[in-house]
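The two complexes that follow have chain A in common; it is paired with chain B in the first and with chain C in the second.
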Partner chain A sequence: MNEAAVPARSAQPSPGRVSTFLLDIRPAAWLLALPLLFMIAFLALPLSTLVWASLHIYEPGSTVPSGFSLRYYVSVLTDSHYLTIIGTSLRVAAAATVVCLVIGYPVAYLMAVAGRERPWLQMLLVVVVFTPLFVGVVVRAFAWTVMLRSDGVVNNLLIWLGLISAPLRLLFTETGLVIALAHVFLPLMILPIASVIQKIDPSFDEAAQTLGAPPFTRVLHVLLPLSLPGVSAGCAIVFCMSISAYVIPTLVAGGRLLVIPVVIAKDFMVTMNWSAGAAMAVVLVVLTSLVVALNTLFFERRARLMTRPA
Partner chain B sequence: MSARRAILYAFCAAVAVFILAPIVVVIGTSFSASPIYEFPPEKLSLRWYDNLKEVPGLWSAFVLSVEVAVLSTIAAVVLGTTAAFALVRGNVPLREPLTLFLISPLMLPGIIIGIALLMAYRSIGFDSAFWGLVCGHIVITTPYAVRTVLASLQLFQFSQLEAAATLGARPGVAFMKVLVPQIMPGIVAGALFAFVTSFDNYAVTMFLVDARSLTLPIRIINYTETSPDPTVSAIATLLFLISVAALYVGDRMVGLKKLSGVD
Partner chain C sequence: MAAMGHLSVSGAVKTYGALRALDGVDLEVREGEFVSLLGPSGCGKTTLLRALAGLVRLDAGRVVLDGRDITRLPTYQRRIGFVFQNYALFPHMTVGENIAFGLKVRGLAQKNIERAVGEALETVRLPQLRDRMPAALSGGQQQRVSVARALVTEPRLLLLDEPFSALDRQLREQMQLELRDLTRRLRITSIFVTHDQDEALVMSDRVAVMNAGGIDQIGTPGEIYERPMSKFVLDFVGLSNYMEGRIVERGNGGCLVQVGAGRYRAGVTEAGLDGPVGYAVRPEKITLRPAASPDSPNRIAGKVRDVVYLGGITHFHVDVGFERRFLAHVVNRIESYCPPVGADVVLEWRPEDAIVLQPNAS
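Now for the complex of A and B:
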């Protein structure tokens, strides 16, 4: 692949030097020191500060804690104000995940199978699905504030189609938020499913066909079960991104619809109620970690993360 | 073409329209003469592009965003590559938990990283907004580099280096001419994701900026709150062009299919 063979010079370097430089595996471990130290200093320690703060009382406005307390967790998990917020967040994130799955799965399927006969179609779909990921979330969230206005494109289209007679209120509503979340995170549903479907051996489907299974049965009993790891990964990613999203609810729902990240930001920036915000933050992290862990537990036991080359 | 195929194609075309519509609409409204977001525009004009220079602090926000993105991308590539190298070649104890730790910011809500850093900086009295911001962005960009370089290093056959040595290549030459070219796509992909992530970030950034130094996403959202006119559409259109340029670079150097994981 590359012209590795540089003409041997008279003083032949010993292969031993290469091996101490790159092939001996023990010194290479030291390369991990710097990245690890950085991440401990700027990720692990700050996160511990956060957990610590959630367990202590801060007088509002003060940055010095005054005593240990579990009261913030108790209020986050029992107070109806907080429970409503958590409920809204779960509902919105679940809805966005379902929308992404329903509209994303067929696209992922076509993207995966088109590669065999119609490479141009696959490329086209990759461009359409992948491009938005490079267009920032800020730009896409702003775009939805334009789309969802009462005189915006969505309402005009629905009126033109005769589906509604007066504009719907979409901005600052849950419906509008779900549409925007589903749009922004749709690629994160499509890509993992497509990459799993692509690896399914087509002979399974052919076998089912030969044995007389009708298309619907083949989808239900061959395609869906085999693509489940992709579906699970896509759903976990979209759910976690949706429930963690801050920019999209801020712009599309104007901060009026209270979801977990919006409330955390308010606690830190406006009311200066650090401990309550920190407790809410810990609840959010536990929630998203659980979703990721469940997905890993059921579908990634082979630990794709860190398989060493054979 | 069977009816089922036709339905599948039509459905996917509709989804493609859904995916692209917001971007098309924003670009359309940026060329409209109307001060409300009008699509399709009745009269075309460049007034919103002209208005860009009237927005105070827009250029300095853009410059700050570029500076932070460049610095954090460089750091992410260096940290990510060394970490990936150690994880693949080194005799690292607890390999899997450490890898998970290094890429965990991908799974953590940005707002959590933001408030955690805010509290940590306050508690130790670290008050350089610029460097605090850069370090925050390094935390969220490094995982991309770790992941992409790790993926390409795992595909690299290290016996090629022995072969190069046997053929007389000195270690440096073997490294630069055999290893580096083969993991370059991973490094470029990691750098692209890192740059885009940093440039677009809002959730971590909002806790770390001070009033004097705002990044572009913060400035844009502040502007939409004070004066909701299509000037933001003009900014969004220009940012879209930057994204397309980044994608083009990615496609030429790595390949779009590989970048997207569908290959």
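Now for the complex of A and C:
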């Protein structure tokens, strides 16, 4: 039955209601069609191909699988070589996230609060924080390889400050990689935190002031808990970007420090072991999803307490 | 306990760009007194309150609390309580944690905090809500919790920024009486910002009527209503029948004011006033009569244009000529004279009930 027939049968109210409901929902559903197609074509299909590939054996050079096998997963999850790589990746991504949070939070706070009284300062901060995004990630990663060299800017500065006597080895190390990752992804930590802080009602801070709380106490007990949704979002984004970064580890850590994306690329393009690469890729997807899910679970519970009746 | 709380403000000035939000305000509040800052929005009442809390920094002037100059003291060292218009309960803390916050930051022992929080919840009659989150409370409950949170630290001064404006009328009236009783029982000095004249009259020991960054008049609710000293106060608090004229005679503890062709007697001399004056009578002071009584010094004849029945009282709108309309409020009792629309009536009032003031004083 089409909708045009409904008004003529207005004596029956309930089918009319159903039709109006359908009328209401249909345009919305159509709006979703395009993104849905896009997601199927560019996410669901490639991902299932990947999973399919990870479960089959390919002869080098052949695109037709020669048999089903779980052996790639077994080796990725038991072989100490792979486990070390996964461990390094998790450690580096976690460290980059923490560094971004520690550096980014005060900047985000300043950006959000400055907007209330000094718009020019906010503009300045926005420009400073976001202009690096306009420079390609390759350029920025390459710049770090120059700066992190033993005779580079970073080492020279540390020696000049008297903090160290001999140059540190930073290039090709986890430390160097964390520094580069943290720098590149810092804006992605600042943005969500700043936008959450900006929306916090200033009267909460004022209430804490009138109750006798000095500045540090207010940050710890009022600002920080209320800005957790932003922290959660920022951490999830930076962690995912860091653990799946390919260009930066390739340039800054070369082939000497292996992380998951570098290994995947090697499997696909050098050793032509597609199944192993695919298995590693699936493990990466599962790992990041798990971290994001845990993160969301942890913060969502708190957020729900704040907004919904107990 | 909060036995102290003497507040003295002098020459308080605050400007926002070209706007003078506070234009040299002086205010003296005694220990345990409940003072309302009453005025329309933009009159500076909230700015003054926030300056007392230290949330607004004054450009000039002094704030002295119990003999100590606190003008430059940061908010968190002032030992005040503040109740916000939107309550500002911390959404991530339970009711109990909200109330405990002020005690915790002062480093009280956990045992004492527990007891004080329990007592505070008893005071506002919400002991069962201790472990709820603020989002789960009704507006009235949030209001009570925010009062408890402000009072539990035993502040020397309680500041309230339109705390009832978000509540519906019935609840608002109940909360007004509750808060009044509470502050009286605890003998805590309180400053209360409102734009609602009824609320100010109900709650306050004294009312400060604010206008354009200054205090126009401060006095008991009775003084503010019966003896307004400016046209602004007269208009802002209650209704009135207002005319302009000049004093033509003084003596016998009163004066005679000429308005057009009529002459009306007032029971005040208003020595300071000369030349043009405003002459006003509150609507409930007017007696409606079918014909003039022989002994009334003030009367004016008119025709009833409109009758508005409000249950307890009836409003009569009476045309008195010269395009002027008088308003008379009559209590609905069996002996009251209640003329119909179109009736010719005489309005009378006693000289003691007349208000004489500067005509266009700000």
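Keep this in mind: the second predicted complex is superposed on the first by the 247 of 310 C-alpha atoms of A that agree within 3 Å, B and C clash if a C-alpha of one lies under 4 Å from a C-alpha of the other, contacts with A are read in each partner's own complex, and residues count from 1 in each chain.
Note that in this section contacts are C-beta pairs under 8 Å (C-beta built on N, C-alpha and C of every residue); 3 or more make two chains touch, one makes a residue touch a chain.
None of these values were measured; they are calculated from a predicted model.
Engineer: If we overlay the two complexes on their shared chain A, which of chain B and chain C does A:Val286 touch? Say first, second, both or neither.
Structural biologist: neither
Engineer: Applying the document's definition of touching, compare chain B and chain C: which contacts more of chain A?
Structural biologist: In the superposed model, B touches more residues of chain A.
Engineer: Of the two partner chains, chain B (first) and chain C (second), which one does A:Ala166 touch, if any: first, second, both, or neither?
Structural biologist: neither
Engineer: Output check: A:Tyr246 vs chain B and chain C. Expected answer is one of first, second, both, neither. What do you get?
Structural biologist: First partner only.
Engineer: In the overlay, answer first, second, both or neither for which of chain B and chain C A:Leu297 touches.
Structural biologist: A:Leu297 contacts neither chain B nor chain C.
Engineer: Should A:Val270 be classified as contacting the first partner (chain B), the second (chain C), both, or neither?
Structural biologist: Neither chain B nor chain C is touched by A:Val270.
Engineer: Intersection of chain A residues contacting chain B with those contacting chain C?
Structural biologist: Correct list for chain A: 305-309.
Engineer: Note which residues of chain A are touching chain B in the complex, please.
Structural biologist: Of all residues in chain A, those touching chain B are 1-9, 12-13, 15, 17-19, 21-23, 25-32, 34-36, 38-39, 42-47, 49-50, 53, 63, 103-104, 106-107, 109-112, 115, 122-123, 125-140, 142-147, 149, 151-153, 183, 186-187, 191-192, 194-195, 198, 215, 240, 243-244, 246-247, 250-251, 261, 264-265, 268-269, 274, 277-278, 281, 284-285, 288-289, 292, 303, 305-309.
Engineer: Note which residues of chain B are touching chain A in the complex, please.
Structural biologist: Residues of chain B touching chain A: 4, 8-9, 11-12, 15-16, 18-23, 25-26, 29, 36-37, 39, 79-80, 82-83, 85-92, 95-96, 98-102, 104-105, 107-113, 115-120, 122-123, 135-136, 138-139, 142, 146, 154-158, 160-171, 173-175, 177-179, 181-182, 192, 196, 199-200, 202-203, 206-207, 217, 220-221, 224, 232-233, 236, 239-240, 243-244, 246-247, 250, 256-257, 259-263.
Engineer: Which part of chain C faces chain A closely enough to touch in the complex?
Structural biologist: 53-55, 74-82, 84, 86, 88-92, 101-102, 105-106, 131-133, 135-136, 149-150, 153, 159
Engineer: Per the contact definition, I'd like the list of chain A residues that touch chain C in the complex.
Structural biologist: 201, 203-204, 206-214, 217, 221-222, 225-226, 302, 305-310
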